[in-house]
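As structure tokens, here come the structures.
The two complexes that follow have chain A in common; it is paired with chain B in the first and with chain C in the second.
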Partner chain A sequence: MTSTSQKVAGIPAAPSVRRGRPRLGEKAIEALLVLAAIVSVATTVGIVISLAVPTVEFFGTVSLGEFVTETLWTPLFAEKHYGVLPLLVATLIVTAIAVTIAIPVGLGSAIYLSEYAGNRTRAFLKPILEILAGIPTVVYGFFALLAVNPWLRDIWPSQTKPEFQNMLVAGIAMGLMIVPTVASLAEDAMTAVPRSLREGAYALASTKMQVSTRVVLPAALSGIVAAIVLGISRALGETMIVTIAAGLKTDGIIVNPIDGAATMTAYIAGAGQGDLPVDSLDYLTIFAVGSTLFLFTLALNALSIRMVRRFREVYE
Partner chain B sequence: MTYPEDPMDTTIVPPRLSAGLSLHPSGATHGGENTPVIDLADVAVWYGDYQAVRGVSMPVARNQITAMIGPSGCGKSTVLRSLNRMNDLIGGARVTGVVSYHGQDLYARDVDPIEVRRRIGMVFQKPNPFPKSIYDNVTYGLKVNKMDTGRTDDLVEQALRGAALWDEVKDKLKTSALALSGGQQQRLCIARTIAVRPEVILMDEPCSALDPIATGKIEDLMHELAASYTIVIVTHNMQQAARVSHRTAFFTAELDDAGVRHGRLVEFNDTGRIFTNPADKRTEDYITGRFG
Partner chain C sequence: MTTTTNPRGPSSADVRAELTRRRFRPAETAFKLALQACLAIGLAFLVALLAFAVTKGWHRLDARLWENMPTGRVSRAGEAGVQSAIWGTVWVISLTAAICLPTGVLAAIYLEEYADNTRWYNRLLELNIQNLAGVPSIVFGILGLGLIARVIGLGFTVATAAVVLSLLVLPTVIIASREAIRAVPQSIRHASYALGATRWQTVSRQVLPAAVPGIATGSILALSRAIGEAAPLILLGAVTFIRFNPDSLLSAYTTLPIQIYNLIKEPQAEFQELAAAAIVLMLVVLLAMNSIAIFVRNRFTKRW
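For the complex of A and B:
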């Protein structure tokens, strides 16, 4: 504090509240923080622009109608078709499989960790979960291809076995990949629910399951939805697993999950390996598909925000 | 102020808490005027290796208000929570001695703590309504106890009337409970507790977060509730204990030879006696404000 009061003989000095030395450090820190904010916003804007410009150029050649209605995606073949539906359908199928696994397993683990596990068990399991979240996706990809798929083909009941690369196995691996993310974030949200609410529920003769599902889960809903949305976003954007385990087939809409098909991300990764001439139409397809993916993720986020507004229970 | 001296003399069938046979060997008479609803015999509560409170023996009489008073940290909340097994929720907490409810040992192995809490409800120090609507707060207990068959609206109204809250909230049952004032929230917590028709209501400093007017309302309410419920209240406010309770237990905390603090029950008697003619010097010091 910069107190500059002086004692004058006889008269007790009044305590001064005037401004002393300017606090330069404070200004500097503020400037740094503003800079950090600008960098992150500018990066986002830059990415959007660099996606948008080639995308607009792409639609100068290929009509939007063809892009969204055509059922073949063969820009790299002799006979070219530019229908994004095959990629879109594959993406949705793989993501749906992943989410079907990740939501129950992730929320189940979160409920177990936050409501059932003792302190010691939790202290042991939570870090493991967080380490799992850090396993490189390429590992999951080969795990799917070399471990899960042979097993899947073994136990597959019908004669038509899953293909060597298929959407089901990619979806399973991707689901397992996002379980730790969903579980860990959902557990954080549930642990943040005040203890007093749980006690109130227990005092009304609730079982543990009732406390978890009727009090804690709804109170933590916004955090849980955020966890799930982040999980889905990761699934939508995941590239390595699908490239390895679901393959790059793009000719036609494939809906049978035991067949292989390229997702949007797998196509981008496959096509964008450097041998396409810049500004060729082939090159522009990458951006058109990228923009589509971006729009999907954006829509998902908007939807989840609305959902949370509608259903969440705000405590305090 | 006068109190009903005699608890209502209705003969009730002692509730059974466990699936097994009733635990009273003799099938002894229950519900007589002098049979306590809850009886503590040499109860001690531990948190891990720490014995927080010990040597507690006292009855809780039916349709009376029993107050627990004493300085901070003497174990009032700890003892209160041992009466409906809320201490089960704290890792390492343990009860020795016997807490019996209509003669059944609450800590016997085949006792279901959920059944215990169905019959012995609890209201907390800080109002803790669920972040749901007023209506859903009241129906919560009905739902989890499968008591919401049919006339749920009536049950909600009854509970809210019982907690002297109906007139204030009847037009906004579907709005969030968190929009209520602290005093209203606390009465809502009382409403949701009585909605499941417990026999005993435990209250841990239910007015400590409230202003004098809200406190007065809750005290009036306690008088009304005592006609149908057995109430145990922890309070820091000695006037409150004197105003509302029939019987008072005075706790204190003392150092043992090893220098560890343990809470203990010093004196238990009719409230009038405790406040006018206490038997123990420590009680007298405390109620006259000469304590610590």
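For the complex of A and C:
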């Protein structure tokens, strides 16, 4: 860089471009940004620690064998049993009802929005789905308990009416809650299918239904599966709807959907409301059930992330 | 086809008529109707839900809503209101915004502008944020209960609630901010560097201002999710009937969704009507926020 320091008549020497001055402000800001990014990692670590430590303590008293094989969950009763199966079964029943509703309704909406709807129809319908997604789940619970359930009891054909709180009505409300999740992710996956595939099928005289079901749907399959898996994961972790509409009853395994039963999340919410003495075994059950829930949703989320990545790799 | 009698084969007019004829295909029509029915179910549910809340809460949507829980709350249910819950929500959400918006935007800037995403730790960071977005909200409540309230010792206060809600919506803020930052074209950055700007000068004076509409939209949606969130706060001491407004970051509190949950549990019809009125109030606030978000997105987003 000697040339820049040479004096040219009338022109002052230009400062060196590579002066290598340490920029402390820049470094400090970068450190601040890294710190902000680390908050999310710290959150994960915090979640794992806050779950794992009490869970380990819990399994010091109750054996893992009893936890996964015992068919009674009565930690807050006089006679205590610690089998997580009743909570798990209730969770799976509510989730199954929700998914039975959300898959057809969500996928049907997604196919219509992606393949049939014109731009103006879509511009009108998509915000409505977004509104449905933005309604707090406590409101879904309120509606399920005070509006859907009385109606369900009215039209129920048999003599044994659904209970005041039951898994069926919670599952219905939860199904409609996850419809926007399934619909918008599935629609993204279908929109990502290249036009040329559709045009190829139309050129071979396919109808619109054939293009939708035999070309677009299979091509977007991994994205659609990801949408459904994410929906299931949201249903498993949803708390307010089941707490309000399916109740907090814990006992043996209840399989009749018109009966009330506590899911894993409802148990946590119910037990967490009371003032359980810290470090009592009752208090530790919250964390043991929480760990179980966390592991389930973690596995489903990992599956969903992997599926989404796959469909992105194919078409983008 | 009658044209087979023509010795020279079908005329071109017949062929055209055959090709453009609209055939009635029952399966096609049924399929389309089924798809429309799917959308109609979602729409009908939304309309029924809103109609039910409004009709049930209509005659409680008056000045009584701005009251606090009277002391004899069962005998005087008709006079009960949700003032302390409204103030609680204002306190908690303001603090949540103050914590999660700067943190989320700074983290997004790091991931988009500074991080070298071929490094394993940056990829891990991204995967971690994706996973965190799928963790059930009640698990964040457990984090708050086990670590923030007890070990760190913030207790069941406005501060704990705000920290937990911040962590809960942080992935949403980060993901939305990253998308907004990514949408700013590379040429803007190159032009800024070419004029001798440093990295932070480029980010703070060129990239961020251009990304503000996207970041604002994502932030409003994240905060509206925080407003309606009840599950983690159930574990954080918000369920007790609080009759006073919070006055500091370390006061006890309750929030609107929690108060609604409490009111639903009560057997008296008056409390359920009050719950409906509180729901209408909350939905109006949330709809307004969503509309603002959509407006900002459509009006201010730059098209490059």
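A few notes on this one:
Keep in mind that, in the parts below, the second predicted complex is superposed on the first by the 262 of 316 C-alpha atoms of A that agree within 3 Å, B and C clash if a C-alpha of one lies under 4 Å from a C-alpha of the other, contacts with A are read in each partner's own complex, and residues count from 1 in each chain.
Note that in this section a residue touches a chain if its C-beta (ideal position, glycine included) is under 8 Å from a C-beta of that chain, and two chains touch if they have at least 3 such contacts.
On a predicted model such as this, the values are computed, not experimentally measured, just so you know.
Superposition of the two structures on chain A leads chain B and chain C into a clash. In the overlay built on the shared chain, the residue A:Gly118 is in contact with chain B alone; chain C does not reach it.
Using the contact criterion defined above for the overlaid structures, shared-chain residue A:Val39 touches chain C, although it does not reach chain B.
In the superposition on chain A, A:Thr61 makes contact with neither chain B nor chain C. Ranked by how many residues of chain A each touches, chain B and chain C are led by C.
Of the two partner chains placed by the overlay, chain B and chain C both lie in contact with A:Thr207.
Look at A:Thr71: by the touch rule set out above, it reaches neither chain B nor chain C. The single stretch of chain B with clashing C-alpha atoms against chain C, selected from 99-107, 117-125, 171-179 or 243-251, is 99-107.
Shared contact residues of chain A with chain B and chain C: 207. Of all the residues in chain C, the ones that touch chain A in their complex are 25, 27-28, 31-32, 34-39, 41-43, 45-46, 48-49, 52-53, 56, 102-104, 106-107, 109-111, 114-115, 124-125, 127-132, 134-143, 145-147, 150, 167, 170-171, 174, 198-200, 221, 224-225, 227-231, 234-235, 239, 257, 260-261, 264, 272, 275-276, 279, 282-283, 286-287, 290, 294.
Put simply, chain A touches chain C in their complex at residues 23, 25-26, 29-30, 32-37, 39-41, 43-44, 46-47, 49-51, 53-54, 104-109, 111-113, 116, 125, 127-132, 134-143, 145-147, 176, 179-180, 183, 207-209, 212-213, 230, 233-234, 236-240, 243-244, 265, 268-269, 272-273, 278, 286-287, 290, 293-294, 297-298, 300-302, 304-305. Per the touch definition, chain A reaches chain B in the complex via residues 118-119, 194, 196-207, 210, 214-215, 218-219, 313-316. Considering their complex, residues 84, 86, 89, 91, 114-115, 117-118, 121-122, 124, 126, 128-132, 140-141, 143-145, 176, 178, 189, 192-193, 196 of chain B touch chain A.
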